[in-house]
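One structure coming up, written as structure tokens, with questions to follow.
Order as written gives the chain letters A, B and C; numbering starts at 1 within each chain.
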């Protein structure tokens, strides 16, 4: 053998070992899978009603046409909006993010209608209106509180320790209604008008996926996610006109 | 009709005609108090104006205001009434219902309806009786007999005190009648709402009247719908009067019984055996 | 000092009387059928008490001018009998005046509150709650649906606890946050409170009535002019009382019929 080849092979072998060392399994992440689907309804859903805000002219004038109640919002193709879809079993509860979720009171409405956050995650509640609001989340598992928030005051900071679906109301404006969906998992989504959701970042395995809607209730499905794959889970709720 | 009654009826007629969503069959009940006869259709209009907020359009005590008040309004569909002159388990007489509406229920949200005319009140009672089928075809209930009151002397009071101990009234009402007996905190009414026994030291009138006859009637007919039973099978009439006399000594009012008792206590207090678990059967 | 005070007294009396006589800050015009009786009663009360007020204050000013700086009190001593009969006479005079106004006024009140509503009145169910008024119309079937407190759900706009699923008369009931009424039409309101005491007042229609929880209180009136009037809560009912109001919209009959149709389509 050539006198230069042996050291060359040795260096290459060392380089190969080094390369192999850095290519250890921990350094190469398994491809995460996704669960996605659409939430729809069968039957006739109740009609949403226009909200009469005439008692609060500062809010009424912010809406060219009256806003509608939002407890059952549907989209084209019989889709359902504001459905919270989340992994209720199979994934460990993640640490609460430190990024606050924002909840606005604007035009005497809660925006978003359903705010999804994790247990322990900060929640900032803003009053953007010219009138006082009296924000009253009706928690049963978490402590219930009730705070007045005059216009122009700083946001209220809150957080909840336990998972719960908490209805929120305003004592001064009876039509205002919303929800805090406090979850223990970081794998959640809320459907838009197209009824679609997508839960990404799920390692391969079996999960229970739950869909919650404030009127239609809760449904769960078992889903198996393959490595890097997309599993489909569709939910269909039964709707009644009243 | 007095102008007041007429306008109430006419005005309420509109309310009744358009509000009676749940059609109650207005069976013409024979309702008499004194020489006044009640008519359920007139009573319906009055009910829609004065009673529906608490007692509900169906008479089941589920009016829109009921959730805010305690004790809850009477559920007429059950036909169970507290203040009667009839035995436990029986319907009240028309006079009993009339007295209840007139007197109201002190310490509760039921006001005395003396502002309504007697005719109005009897009409209301006639209507209230249509909420439960128990009244249809029922014979008029008979009141218990209340014999004349025995003298309220110290012997009577002492015997009454022994009865209070023996019949274990103190278990709910407490040894001194403060409503703090060992069982008091556990009591619920027939709808499982918490209820407290009468506190004799509070000085308030009894809900079912405030004379000695009323008091006699209370524990001899029992307060149906509550844990307070009827003691008519456990007491002779004179024993019952003794108990009435003793109970008066528990109240902070200057009744003849209380004065007799105060005099007795000045000299004989040490002789009394305690009331309560340590009092034995006396 | 006494003379200065007398002058001040006279000035204050004349200025305040003038404010009332000239209606400087007065009620809005009356757009109801019954309101004229209330306005007359108010005018009579104001005149009677106003004349006596001015006379009494000017007489007082006169006495203060003449005797204000004296330390003895001959005027009072000169009244036959002394101070006591004088006070009694004053009380009797004032009492008679008030009693007369009351008797006259009670007829006005009875004429408005103790008269039956007219046949064919439009019946509207009014519910007061913390902190809004809601108004219910019977709808096309002319019948109000039954109410069930356990079904009350503000989130879906079911403020009255209607049960349209099982109660067909409730399906066409119209629930509105505004009191829309046709002009020149007798209206009958059935007023009830869901929680605590409220009241409402519409100055232009000269109507004011308390809502007492537990009672259903009738109130009837006829509006004589179209327009939009404020209906405010006039009984302290909690922290949102300041914000509790609604609007009365008096419309031409055709407009009202159209409003009912539009509302019905949305229920």
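By definition in this document, a contact is a pair of C-beta atoms (placed from the backbone, for glycine too) under 8 Å apart; a residue touches a chain by one contact, two chains touch by 3 or more.
What you are looking at is a predicted structure, and each value in this text was computed from that prediction instead of being measured.
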Centroid-based (C-alpha) most distant chain relative to chain B: A
Chain nearest the overall Cα centroid: C
Averaged-CA centre spacing for the pair chain C and chain A, given as whole angstrom: 51
Distance from the mean Cα position of chain B to that of chain A, given in whole angstrom: 56
Separation of mean Cα positions, chain C and chain B [Å, integer]: 39
For the chain B and chain C complex, residues of the former touching the latter: 3-4, 6-7, 10-12, 14-15, 18-19, 21-22, 48-50, 52-54, 56-58, 62-68, 109
Residues of chain C defined as touching chain B within the complex: 110, 114-117, 121, 123, 125, 138, 142-150, 152, 161, 167, 169-170, 188, 190, 192-195, 213-218, 220
Chain A to chain C touching residues, read off their complex: 46-47, 49-56, 69, 71, 131-132, 134, 148, 167, 169, 171-175, 177, 214-215, 240-242
List of chain C residues in touch with chain A within their complex: 129-133, 154-157, 159, 163-165, 176-178, 239-240, 243-247, 266-267
